[in-house]
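Heads up, the next two complexes both have chain A, just with different partners, chain B and then chain C.
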Partner chain A sequence: MVQLPPLTSGKAGKLFSRVAESLLAVAVGLLGGAILMLLYGYDVPTAYRALFLGAFGDLSGFLETLAFATPLIMTGLTFGVALRSGLFNVGAEGQMYMGAIGAVIIGGRLSLPPILHVILATIFAMVLGALWSLPAALLKISRGVHEVVSTIMLNWVSFWLVTYLITYQLADPARAERAVPAQETARYIVIGSSLTTVFPVVIAVALAIYFILWRTTIGYELRIVGYNQDAARYAGISIPRSFIISFIIGGVMAGLAGASQVIGRPPHWTVFATMGNLINLGFEGIGVSLIGRNHPIGIIFASIFYGGLLHGGRFMEFEAGVASELVRAINGIIIIALAVPGALEIVRRILRRRETVHGT
Partner chain B sequence: MNGKGLTRNETVLAVLFVIALIVAGVGWTQTGQRVTETVTNTVTTTVGGAAQTVTTTQVLTSTVTVERPIAPGTVKIAVVSDIGGRGDLSFNDMAFKGGDEAERDFGVEMVELISKTEADYVPNLETAAKDPNVKLIVGVGFLLSEALLEVAQKYPDKNFAGIDTFTQFLAVQNLGKPLPNMIDIVYEEHKGSAMVGALGCLVAAYYNEKGGNYPYIGGVFGIEIPVLWKFEIGYKWGCDWGLKWYEQRFGKRAPIIGEDGRYGSGEGWQNGLYCPTAGQCWYKGRVLWTYTGTFSDITKGYAAAKPMYEQGAIAVYNIAGPLGLGINQAVQEIASERRLTSGPPFWIGVDANQDWINPGFIIASMMKRVDRGVYYATLLTVIGKFRDVAAESNGVLTLGIGTRVGRLSMEGISVSTLGDLDEFIQMGVEAERLTGKQVLPMPPEQIRQKVTEMRASLPSWIWDALTELESKIRGGQVEVPMVLTKDAVDQWRALLG
Partner chain C sequence: MARKPFVGRRPFWLIVGSAAIAITIYGLYLAGMRPARLIESGLLAMTPLALAAVGEVINERSGQINIGIEGIFLISAVAGVYWAEVSNSGLLGVIVGGAFGGMVGAILGLLNTYGRAEQVIAGMALNIMASGLFQYLLMAIWAFPGIHIFPRQLVIPRVTIPIPGGGELAISPITLAAIAITILATLMLYRTLLGLRIRAAGEKPEAVDVAGLSVNRIRILSSILAGFLAGLGGAFMPLGWFGGLVKEITAGRGFIALAAVVFSGLNPMTALAATFIFGFAEGVAFTVVVTPGVKEAVPFHFIQMIPYILTIAILAIFAASRRFPRALGKPYVRE
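And now, the complex of A and B:
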């Protein structure tokens, strides 16, 4: 079971005000969306009711929401863990593509006994994701290359490399527009709607990250590096080692996110040549992490909320007739509003760091 | 700045910031910017025709927003589109057009669901199927085949139809028999493509007679999927048929495109014709073709068509939906360079009637009546014959030239006529009336005039040939090859290029 922070008034008060902040942000976001809908003459209560009831109101809808949330939990953590250690790893996108293609290779091209197949495909995906995070890590520690630059460039390299592999090496011979689907033995078991047993795996990994970051020495060191690199160095913590670990953890989770969309998502169990079912999941993870305050538990909840928006939007279209593009705009407003507190925190942290370096 | 959440000032700042964002977002939306990919790509060009096209796309997207009151018990049909939804001026727009017409004629209500990613297919279909008033769910596009298989099984009391899907093939493969509540609506694109292939090569022959130098016609394809093989081979076969018709009619080979030696030499080649077996000769290599690998990246349409025109293709056939806009860009470039008011160079539209996009520069469109598919599926549902037809046809309905289902004529393929042009111009006029924004590139009468002029400028023997081919196809006297397997495609490519 997850251990709650000790209930001293300080920490509980902090948690409470954080939740209050998020609720305020939700309210502001919904208000913004409502204004947009009113301007185009839509029935706001019907639309929002459709959104929330559709995403959370019945079992199959909720399972679908969880299916949309699954990859976001992982890509959110990629960014969140990196941020905790003082890094801006925006490479979840590219690392996720590599994870997906890894799952395609093992899941689609190899034949293995059932449980072993799933495990191997998942592990291979995580390894590829981790490997893809290494170049940025190494560049950072050896040359001080800012990881925002390197990871974004690597995202594009990954995108084209994976597109090439899908189109020319791994294409389904009967269906040129996608890669070879994962074989039955490599697939996670369907729970309901589009949700599979990869979801509990993802939750377990997220909880493991919480445990690592807050209950182990390595995690503690990572967080110290994030708070104050100089203090960490004087305390004997190896910064390069912490960075590498942070990147690798991020890559592993992004790789799992990619795998979840291949061997963990019916009905296609594959990646399309356009990568439509993967694109943007990495970047959306950044938003999710901000909403979840870069904390594994927060990220889980933020992902579920985000997944609810992604899934619930179609009900707004269906029942209130809201145009598809407008639904996306409304989602965007809600997410921006929610991300503001988390973004403020980062700004504060940067300013605080400047203060301690230059301050009196 | 303590760690205890927002101070009052910070709260105020945050709220003001978000409100500012909202105002900015609203202001942005009000200036008519849209987020569909189609628009972004076309906006980057500054050529006259293309800029007009941008407005068109915007407007067709906005016509979605009218909300109708739902009377209890109204029969509803749901149309689930592929990624991109409205605004492609082709496939998806045709599907919604069919739905609109079904609404008008049968008193049903159409509900739309637009898929943002592949992950949305199943949830969209399920959302529609769960509604008790929805009696028919239509999935538009072959990519929805698996999703339809899954959802149709779960909701056996609802009717499902797919445009260009192969769900029944999957059903037979996975379940051993077709689904009783599902109809794959497919088309005889090879027949229509043959007609525009003949048209293109005869137009080349005509302009070569007059002194032009057009040794090729072109074809820009999307993703290389089996459906597109039908287009490809039909198109090439049609060109061959057209040139053979010319030979018969005029007693000599068509200038340049019919007699030149450039297309090949060596084994099997005789005077510009490829004759692998005695007495069986083919006009091989007259068609320049490429698969761009996309149905949405318009720039690839431009990049593929430009070299074709440079090599002397008189017309390029668009078999990639919105990529026609890219091909149009290439045509417009040449037109502005040489100050032309009508083609050559030409392009050939697909799916919807695209003749009006750049009047005078599009010879015709190979209309795949996706709208009729949605319309007929609704008709069958409304008159209660859907399951019967599904059973009789093993769940796959092929709409083409001369198709009849029972006593109903269900044509699905045609080459655009001036009558079709009027229909689409009317749609544009309606859209302009509803939204107050310009859709058509020029006033309707001007569009009609330019297209009529262009068609009249072509000699009547070209249109005679087309009519002859159509009636022969209809009557079964010619058989346009329908390729579904890689082997068949390779065989025909060996003969036709």
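And now, the complex of A and C:
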């Protein structure tokens, strides 16, 4: 019989248990996707084979998967860092739009020397993302406005503001449906497929977040606030300060996610008025963060998995005719499974019951 | 726990809001727009918000929070339109949409109670799942990406009501139903045993348990009711209002309904008034966008922002002064 270790048996057992929970949730999600496909008579094995072979089957596919994972690592951290401080920051979407438009402004409109141009465009994107995250944090602290509602509203304001800027202020004279592309000097170097050097930058940033959260006072305070606000207050930690810091970190991450889609993603190096290359990447970060257990290292792996689903989804659509948006439904099912803490316990109870039935 | 029924705790602000609407209508009337059309579009935009908000008031009273209204809107919109086409009746479509909403509500209720789910995350997950499912179903059912237009005769016809001072208003029967449901929900919450039990499940679940009733069952029932009402609202959007399905059909309305719930301090009548204010803002935005003279001067992008900015502003003014059930968002575990 399968023997699962108890939830609390040292560090290794805990890690095993966390990974097992994530894998179980992923399995539930894929099963849910299969059921949805069966309901409408799609060929499930063909669809899933196309999906996984397309995403992980060869080197160019895998590089493309990493390119899809790049923004997800960042938007996943936006949600993950906020959740570590006890907040639900679902504003990565809007903050990412602001970051993207920031990268377009510096990357497309200014002329600067090569390396400086990339750095400046990236930093400006991060600053805009952080600025867009501030209203929600300040409203939370001063007026008690729930951050889920305020960040969603700000997402929509950002959506209309950025589409306005693309259409009226930054439109490409050659092609009016998109903003001016980033100049050669503002682009990250292409590694292969559409993966660029923004990927290692993103990985480095994720590791830096790990360092901040677990090796600095700021990160320690932030996690205590998320763990127990009363204890934090008793220890003299400023809760509003921790909230603001976690939102600013999140905004910086989301801003970088937006920049990565403009100056770090061939072939267009820009945003379209429909924002097709940005939409939903912020929300998908929520699922990525939860699959990765809100841990920077976990988020990197979860992003690569989910980036694979996004990239492979196109093969699934091509070969089995299944709309690639099904991938997002699978993501939702995975998150629901992860939101239920009893899930693994229930499975364990069923296994145990079966064991006793066999035993008697 | 005794709260004044029918009259909101802040009638003053409702008077200010009504005055603001009256002044806006007068101003737009001077600018050459017809106030009746504005109220009509305001009432249309109010309807899904009001249905969902009243449901969510009941849900939160019972101690649960559902962030996934947006997701229920999307799922029931597809289900409603599909059934309307099969049965050739828009009204039946709306009811089936409600039934699907109720089913989603039942699942959420089970997760919240027996699954002890983290409710905000489950709700966000529902939104993400539904936005993917919506587009998947559009392809799977109608084999066309992102948009579906159904025959015009399926749109529920509006009834005309004469208004004082001449003229008439065309109102959807679903809007009238939403207003009736709000009144019934108020009576149910404050005047019936079930209402008392629902409020107790949110405020003092231990007491409900000691009285020999199941907190979990009361909460699941509330969640089904809330899902059903949100589902009616979701199916109303294509079948009573837009006349088609597009992937942006909800556009954050599920969260605007949530904002109305917060504003109301969990009073159904106040929630209805709040959704009218939000709906009216949207109606004005819609009307202004197509008004000659205005549409050239102001890019419609900025007018589209109005409902969202208004929502944030109203929450910033009121959210802090609202009191919520003690056990809101916490699964009940017997000690």
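What to note about this one:
Rule of thumb we're sticking to: the second predicted complex is superposed on the first by the 295 of 360 C-alpha atoms of A that agree within 3 Å, B and C clash if a C-alpha of one lies under 4 Å from a C-alpha of the other, contacts with A are read in each partner's own complex, and residues count from 1 in each chain.
Keep in mind that, in the parts below, a residue touches a chain if its C-beta (ideal position, glycine included) is under 8 Å from a C-beta of that chain, and two chains touch if they have at least 3 such contacts.
In this text, all values refer to a predicted model and were calculated from it rather than measured experimentally.
In the superposed model, A:Ala323 makes contact with both chain B and chain C. Touch criterion met: A:Gly276 reaches chain B, while chain C stays clear of it. Of the two partner chains placed by the overlay, only chain C lies in contact with A:Ile286; chain B stays clear of it. Between chain B and chain C, B touches the greater number of residues of chain A. Legend: residue contacts after superposition of the two complexes on their common chain; A:Ile333 is shown touching both chain B and chain C. Applying the stated contact rule after C-alpha superposition, one finds that A:Tyr234 touches neither chain B nor chain C. In the superposed model, A:Pro341 lies in contact with both chain B and chain C. Contacts of A:Leu139 after superposition: chain C is touched, whereas chain B is not reached. In the superposition on chain A, A:Tyr40 contacts both chain B and chain C. Applying the stated contact rule after C-alpha superposition, one finds that A:Met153 touches chain C and leaves chain B untouched. Residues 36, 39-40, 42, 167, 323, 325-326, 328-329, 332-333, 336, 340-341 of chain A lie at the contact with chain B in one complex and at the contact with chain C in the other. Across the interface of their complex, chain A is touched by residues 1, 3-6, 10-11, 14-15, 17-19, 21-22, 25-26, 29, 34-36, 61-62, 64-68, 78, 83, 85, 111-114, 116-124, 126-128, 131, 143, 146-147, 149-150, 223-226, 293-294, 296 of chain B.
Remark: chain A residues 13-14, 17-18, 20-21, 24-25, 28-29, 32, 35-36, 39-43, 54, 60, 64, 67-68, 167, 174-177, 193-194, 261, 265-268, 272-274, 276-277, 279, 311, 313-315, 317-318, 320-321, 323-326, 328-329, 332-333, 336-337, 340-341, 344, 348, 351-352 touch chain B in the complex. Those residues of chain C that touch chain A in the shared complex are 67, 71, 111, 114-122, 124-136, 138-141, 145, 251-252, 255-256, 258-259, 262, 299, 301-302, 304-305, 308-309, 311-312, 315-317, 319-320. Considering their complex, residues 36, 39-40, 42, 88, 90, 135, 139, 143-146, 148-150, 152-157, 160-161, 163-164, 167-168, 280, 283-284, 286-287, 290, 322-323, 325-333, 335-336, 338-343 of chain A touch chain C.
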